[in-house]
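In what comes next, subunit A is part of two complexes: it sits with subunit B in the first one and with subunit C in the second one.
Right after this comes the complex of A and B.
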């Protein structure tokens, strides 16, 4: 089967956009896992929760604050509350007052967040049973622009919604990077896991920083839920089993704790996937190839590929602003 | 640390409780009517009242209850001069094939039912059929469309609904008649049902001399179809047939529309039959057709039966719908189901076919009733019913093609039971060339319907764009405000 060059070009553009979305989906996880050493198994469930709520509420009330773009904000704000809830139920009881986090603590928080995630998963079905408006298979007809597509060259058509999602995904990933690497809050976040006793010595409450980190990670995760919804058009609770593994693999491949590293790893994964789909016209082959490449990355460089990205980018940006290292 | 573990324990327990509905075991038997005086014919039925087929299962169950209600109200079943009343005994199979053997066994050996109705879906029916065959009890398949089940040589399994091979026949007939330059693209799920439907449809299209330019199966669970759509577009396709389940069928339609694919005809399996399809897609849904076993608007009637030289049996369509509503108000399990879907109608028709066979056999003996079924050729509210004596496959019933027009589902094919003409080249799918396409469409006889939709759909599409741009404006204003607040907060904190 001969693949047209335009088909590959379309695959390349869609791959960049899809990769951007995957990167944004992963940055919340790399913060809580890489920086705070909490293996957040609820990550995928939180994203799906945001997408499910966004879709269901938009089906109910078609107002701007609930369309997928408005829902980025509403779900981000809702994520602040969910972040606090996650922290006080699954993180604080285990590592709230612990100075040095060991493997034992990591396992305990892993189990706790697992339980938290399953509760969210069950919540969808419970809501569907209790109410008559909540659907476990919600979908939206929202699309951006009129006409909803752009034509590049003669034969490449791309849906405008996807372009919007790709761009906003980059903004979200960069915003989290900026908060963590360019602000004082970010410095405190990095300090708290290194030595929370020393942080307390300089007059900062470590518990408060841990809470803020969790909130930040969850809010940014939930803000990407509506983006996923806008991309896919519909969502159901089982999509967690697609989102979560992707996010975990991307975070590890990008270098644990590196936000822009995760974003770039997401780009690579998205590009590979869409290019293989465009070349072979088979989704199943694309999945195998993509995960095989990630397997190779992890086998050859288990610490991830782009762990250095955050440091370099941060120091470059600081120099430009004239801030001393 | 201990406190932490306690909380883990509590959370895990809470999640198990939340997930409990997914693991419910086989439930207790229920009967309708609860008590019967005099002679009784017991019909057993495993049916999905929880799990993934719960919606279809409830519809099927209440279709059966409504039909039994009608039969019992109209003098019951006359077996060789003796009058019998019908009683249904059913169990919830939780949509799991693993539960079928034990339920069917229980129905036959403990509840001593005379006849069986199959569970919903091809998968569950093929799990239940071997047990019924073992005990030589007739099982009527009302939700198992797959042809494969009937190629296994079961003698006591009889099909009521049209098999998978018939699903796209009506759509192909419409294409043949209305679209002379049709180029067909099949994009469909690679599961058992959809792929066998398309496999038969491709053969049929070839026989009818139709041009198939693209055919591609996608993985179940695929949500992004842009690759397939742009390849089909590149191949010059102007007719889309396919789909598989609700979520993917809906996504396929939406993405085909968003990518500006100008289609003359779209027929999608399963998804458009759900009211949620229109709720979620709005104007995009208009013009999308789907094959259906039955629709509330079909015009099967005793007069039509007479024209075709067939015997009419059972309630009329209106009468049956009113009994379905009666079941909703009188039987608690049927409360609030809404309008009957084809899942209800095909299950109800199974009861009628059984009753007709019992009456013509004049006995409750399964072997003789099964023999009598071979000679039955009747018309019911569900349509014609006649089986292939050798395999038990349904050959009499004809599927209809329904289409979303102006937010309503209308039957458009076959012509003798249609409510409206099929809408070819729906104007909402041809936005930029709307005027020229209506002109070219007037050559087809669908012009009356299309011209009336042109005006309404253009109004709705312009309002949705206005709404969208307003939404984007507000969204971005709020983003900017939040960014400013966060920025100020960060600056002040220093």
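Right after this comes the complex of A and C.
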């Protein structure tokens, strides 16, 4: 099989950009899973919900503020409400007042968030069945810049929207990293998992911190929904079945709770996926290869690859600001 | 002999007699609707019990268990179209499909379980979701290589509703007895120990990894068997349909609603699910998630032990009857 070098080069660049998006999609999951030990199976559904809402509102009302880029903020704000809803339905009844989270609690929240996600999934079809303004597969026609692509060399063209998505994805991932590792709220979030009783002892309400963590994770997840929409150009509820497993692969590969680790793992998987697609022109094979990598990583190193990355980066940034270790 | 007096065994015998009676009465022709419903409930009970071996007995939730039903259906497609092409339907074709479906599902489960059963809880759950998608995309890819765009329709085998019913009935009997035997055997007690506290079980001399692997393989074997009557009945192999998340969800809902760690729980859960499914009569199957999703959340948050577990706890006298 002969593959043109320019095709592979395009696959490489698009792989990096797609990887950046995948990384941003996963950071919300690594926060709630790695830090709170809540395996949020609703994660993919929340992202798709944001993308579906963005697509529907933009296509129906053509409000400039609701174009995919504007919707990043609207859906992030919407994510605050959804995060609170997720917390009070699926997380609080099980681990709200629990100090040490055991495997049983972990399985219970996993099942509960699974049910929450299913509800969101069914919501799309219920809305489509019972109202006539809601379509289940809205595509969007939105592009960025004139002309909407850049040309590198003689034959490699990259759509500008994808570059924009890649850059904003990095900003989102880095913003969450900064919140968790460099602010007081972030310290409290890290403290609540280490010892929530001691946290209560120094006058901080652990329940409130758990709520804030969930809200943060869901808001950042939902903010990436419109980004996915801008990248793919269309969305339907079944896309969850591609987004969520990829996000789980990435979070495990990146090391639980490591935000920059997830981002780097996202880059790697994005590259793998796009390069396999470029080489074989076969999407189903690329997905099989990607999931195979998950099984491989799980078998070889269940603790993930980049667990230490966050610590290194955070201490480097603190040194630069002149804060003592 | 003591086993024959146990409530779960008696319940199994009653169920089998009831379905036998329906099958014989269904020959009449005007009872076809009842026969269809009975077939559906047998299938849902079978699915629930298949997942129960790993989820309810050993405490490991497999989120992609539909993958084994799908493998069973896939092997049926192979049997009808490739292994025994242009044969008229005989009982041996059903048996070959059954052996192949159950065997391949068990082999896949053994190989995958050997890797992922070293992991606890969530990692295992996610790996099983991944497995479902891997096999789904593999099936689509293999079909497209063979020049078939899914769904793959079978040739006409001239089967009647009664034939499908007895196929379901055979698999149903096997499922009930195998799953019940697992529950009451020494092996089942080992699994219960793993569910309650894996470290303690290990200390007490249970070979936890071997037990989990056996449970996962048996659970896949039963699920694989259920793919066979399903494929015969629908006369097609549609990867998007049999590997669907909905099927895995149904299994999980049945077990969760009925109650974990019991034999009757999944059976009760299957009837409740089927009742809900009929009373909702939603226009689109996926819209029923709007009811199933909150149901899972409510059960997990309020009655984590499920209906049968709750009854056992509330009325200790019932423990003799509800196994």
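The criterion applied here is as follows: the second predicted complex is superposed on the first by the 323 of 325 C-alpha atoms of A that agree within 3 Å, B and C clash if a C-alpha of one lies under 4 Å from a C-alpha of the other, contacts with A are read in each partner's own complex, and residues count from 1 in each chain.
Operating definition for what follows: a contact is a pair of C-beta atoms (placed from the backbone, for glycine too) under 8 Å apart; a residue touches a chain by one contact, two chains touch by 3 or more.
What you see is a predicted model; the values in this text were computed from it and never measured.
Counting residues of subunit A touched by each partner, subunit B versus subunit C, the larger count belongs to B.
By the document's definition of touching, of the two partners only subunit B reaches A:62; subunit C does not.
By the touch criterion defined above, A:291 lies against subunit C but remains apart from subunit B after alignment on the C-alpha atoms of chain A. In the superposed pair of complexes, A:106 makes contact with subunit C only, with no contact to subunit B. Using the contact criterion defined above for the overlaid structures, shared-chain residue A:195 touches neither subunit B nor subunit C, since it reaches no partner.
In the superposed model, A:119 lies in contact with both subunit B and subunit C.
Once the two complexes are overlaid on the shared chain, A:129 sits against subunit B and subunit C alike.
In the superposition on chain A, A:232 contacts subunit B only, with no contact to subunit C. With both structures placed on the common chain, the touch criterion links A:94 to subunit B and to subunit C.
Of the two partner chains, subunit B is the only one touched by A:278; subunit C is not.
The intersection of subunit A residues touching subunit B with those touching subunit C, taken from the two complexes, comprises 89-90, 93-94, 108, 111-112, 114-116, 118-119, 121-123, 125-126, 129, 284.
Residues 1, 3-8, 11-12, 14-19, 21-22, 216, 218-219, 221-224, 226-228, 230-231, 233-234, 246-247, 250-251, 254-255, 257-260, 276, 279-284, 431-432, 461, 465, 467-476, 478-479, 482, 490, 493-494 of subunit B are the ones touching subunit A in the complex.
Taken in their complex, subunit A has these residues touching subunit B: 4, 7, 10-11, 14, 18, 59, 62-65, 67, 69-70, 72-73, 76, 89-90, 93-94, 108, 111-112, 114-116, 118-119, 121-123, 125-126, 129, 135, 137-149, 151, 155-159, 161, 179, 183-185, 231-234, 236, 242, 274, 277-278, 281, 283-284.
Those residues of subunit C that touch subunit A in the shared complex are 59, 61, 63, 112, 115-116, 118-123, 125-127, 129-131, 133-134, 137-138, 140-141, 245, 249, 252, 256, 282-284, 286-297, 300-302, 304. By the touch criterion given at the top, residues 33, 39, 41, 89-90, 93-94, 103, 106-108, 110-112, 114-126, 128-129, 237, 241, 244-245, 248-249, 252, 282, 284-285, 287-288, 291-292, 294-295, 298-299, 302 of subunit A touch subunit C in their complex.
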